[in-house]
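Below is a structure I'd like to ask you about.
Chain IDs A, B, C, D, E and F follow the sequence of writing; residue 1 opens each chain.
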Amino acid sequence: MSTVTKTQNPEADPRVKAVFDDIRATRKSDFINNMWLYLAFDPDLLEKTWAEVKAVMATPSALDPLVKEMLYIAVSVTNGCSYCAHSHTAAAKAKGMTNEQHADLMRVIALAAKTNQLAVALQVPVDTAFDADRQA
Amino acid sequence: MSTVTKTQNPEADPRVKAVFDDIRATRKSDFINNMWLYLAFDPDLLEKTWAEVKAVMATPSALDPLVKEMLYIAVSVTNGCSYCAHSHTAAAKAKGMTNEQHADLMRVIALAAKTNQLAVALQVPVDTAFDADRQA
Amino acid sequence: MSTVTKTQNPEADPRVKAVFDDIRATRKSDFINNMWLYLAFDPDLLEKTWAEVKAVMATPSALDPLVKEMLYIAVSVTNGCSYCAHSHTAAAKAKGMTNEQHADLMRVIALAAKTNQLAVALQVPVDTAFDADRQA
Amino acid sequence: MSTVTKTQNPEADPRVKAVFDDIRATRKSDFINNMWLYLAFDPDLLEKTWAEVKAVMATPSALDPLVKEMLYIAVSVTNGCSYCAHSHTAAAKAKGMTNEQHADLMRVIALAAKTNQLAVALQVPVDTAFDADRQA
Amino acid sequence: MSTVTKTQNPEADPRVKAVFDDIRATRKSDFINNMWLYLAFDPDLLEKTWAEVKAVMATPSALDPLVKEMLYIAVSVTNGCSYCAHSHTAAAKAKGMTNEQHADLMRVIALAAKTNQLAVALQVPVDTAFDADRQA
Amino acid sequence: MSTVTKTQNPEADPRVKAVFDDIRATRKSDFINNMWLYLAFDPDLLEKTWAEVKAVMATPSALDPLVKEMLYIAVSVTNGCSYCAHSHTAAAKAKGMTNEQHADLMRVIALAAKTNQLAVALQVPVDTAFDADRQA
């Protein structure tokens, strides 16, 4: 069940086909996952979302591709996004995340959620030492 | 303003002093940030929280220390914890996070929040290809 | 699966029947969706929840009924409520939301989630120009 | 206090100046709010964020500009973003939001948060009638 | 700073005065906290919000008043609401919450946030044994 | 579907077996729920998570066991954790939560979510009277 209807034969639309072709070429795989199939209900939204995902996640940058997948997992889990937890954990494994790294990722994001809760509950005042302008 | 009173002379309590001594030794710094000063209202909570933070964040593991700080930032920002965003960004910088890495971290966590929202809004069904048991 | 048992023959309770009758009359439809069927485990909770939903969502007010449904979707998606994303997207479509408006709604709530993340990550100080008392 | 240092004389960088010039032209105002001043720590992030905000929020589309601001407020409040609640409430007022509309917005987003909580707590199963493919 | 202007002399409006009088009578105190002073920008919103708070929090029910305050804190902290964390912690202390109970509350809500994160990250399937209909 | 593979014959690992034995002994039941079966992918994570759950939830402390379960529900629901809402509601019922208490819990956590939203939307300034140092 979803909130938009899944387009039948989405690649009949040339804008959708162009995005799907680029996804396949970028990932060197024929698999198009549901996120893109459902976003195809609006070709403009599909194009812009893929363009940003490609630019941030599939383009070399200051952070390692696996690190970026783990950061994506951290945000997705904290937001409670089931689809995203699944898709980005699969992506992280495809990029070489080991069981030990996966378990360590769990430890860090679980601990962060815990101490976030404590800091908010106690309303701990921010130390002036943490001000970026002071550190500069 | 906080929801617990800041203990006057917290190190008069030997359990608090032992934790603070360990924080100083672990970090090689005299600075005790507010999180620990306020947690001192309950020495048991202080001890256990520090023990876990030390085990996860200040002990060599499968993930790089800077990566762990960035994951901590990702969770803290998604949870909207102002104190934690400040303290862990300062920690990441102290561990060598460059401006380019910081900006890249921003790109990833902002994009993740955006696509989380889309996946939830469309209620995209999870692809069976993402099932860990299938991948095994 | 749910956390409360679904009442068998809920309209045997006259308070439940009165609420269900009002739901049917207000919506001009015989369909009672699961939210109300499960809330029937406590007639008082059912009555008060429906009364508020009716007063806010099914009574003419300063905002257009479709706008109110879209706002409901925005909050529900941000909270990750699967049931609510489904029920209010269906309601918005029933009130005339077009595909173009749906896609635009996606753009706005996805962008908002993204810039929320940036503002929190950078801990941007609130401009004094935004103070309501200054604007008055 | 923020987590990045505020750039001194940011418009010395021609990419930053071009963005700020476009913000001033688009809004017909000399005021540059802190969000953009702090994003200037990374000109690429500044450029891409402004381009998306301009495309979604300052370009005619299927939804009314004031409705888009209210949707932005709904997401920002649900995410607990203080900066965003302030900046988009000010923007909505500048676009003509009346006190009555503001109060109505409060009623809808507060009720949505409340019923989101009930639906999640009861784990209400999604009605098959809400499936978009059924409705098509 | 707030997003609505604080009404000057709010009790000049008889509906506001009636609510404030009832708050003072219910709490046996002259203190009106900011939540109510700011909600006074819309007397209807003020009346309905107070009526619900009074019915749920200040009326004997199946749960102890202090337990209800602690539940309120748990939700408010998880939502990152600074105002609410402050006001309900103060209320819980006024109703007799001891330091030991406060620390225990911290332990439970911090642990819950941590295991929530693990359950979502692992996408643990719900055991059929937890189905309310099976337990009935 | 989950993001880690469910270990076949997990008790072949003596560390896992020791934890499962302790769970069975503590709960006086042979049932091991999925949370622990999936956490078994990393015995260290399993051990530490169970140790903390046992210490906080299954050890007499300043708060009543049923109150602790209800607090756990409050956090889990606010975080949108489906697994946790199910498991802790079942646990609360096993510890004697009545239908009346369950409905009252719903009222409090739904109202808290609603007023959290209002306080954040209005950006209500924290009253200085709520400062813990002033109350001390």
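The rule is short, and it goes like this: a residue touches a chain if its C-beta (ideal position, glycine included) is under 8 Å from a C-beta of that chain, and two chains touch if they have at least 3 such contacts.
Note that the structure is predicted; figures quoted are calculated from it, not measured.
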Number of hops, subunit C to subunit F, where each hop joins two touching chains: 1
Chains touching both subunit B and subunit C, listed by label: A, D, E, F
Fewest hops from subunit A to subunit F - one hop per pair of touching chains: 1
Of D-E and C-D, pair with higher C-beta contact tally: C-D
Counterpart interface for C-F, drawn from B-C, B-F or A-F and sharing over half of its contact pairs: A-F
Maximum centroid distance from subunit C, chain identifier (CA atoms): B
Farthest-lying chain, centroid of Cα atoms versus that of subunit F: D
Separation of mean Cα positions, subunit F and subunit D [Å, integer]: 33
Rounded Å distance between subunit A and subunit D, as computed from the means of their C-alpha atoms: 21
Euclidean distance of C-alpha centroids - subunit A vs subunit C, Å: 27
Residues of subunit F touching at least two other chains: 1-4, 41, 45, 49, 75, 78-82, 85-86, 89-90, 100, 103, 105-107, 109-111, 113-118, 120-123, 126, 130-132, 135
Graph class of chain-chain contacts, one of line, ring, star, complete, other: complete
Touching residues (chain side subunit F, partner subunit E) in the complex: 1-4, 31, 33-35, 38-39, 41, 45, 49, 52-53, 56-57, 61-63, 67-68, 70-72, 74-76, 78-79, 81-84, 86-90, 93, 98, 100-101, 103-105, 107-109, 111-116, 118-127, 129-132, 135
Complex contact set, residues of subunit D against subunit A: 1-6, 126, 128, 130-133, 135-136
Subunit C to subunit A touching residues, read off their complex: 80, 85-86, 89-90, 99-100, 102-103, 106-107, 110, 117
Residues on subunit B engaged by subunit E in the complex (per definition of touch): 1, 3-4, 41-42, 44-45, 49, 75, 79-81
Interface residues, subunit D side, partner subunit F - complex: 73, 77-78, 80, 82, 85-86, 89, 105-106, 109-111, 113-118, 120-123
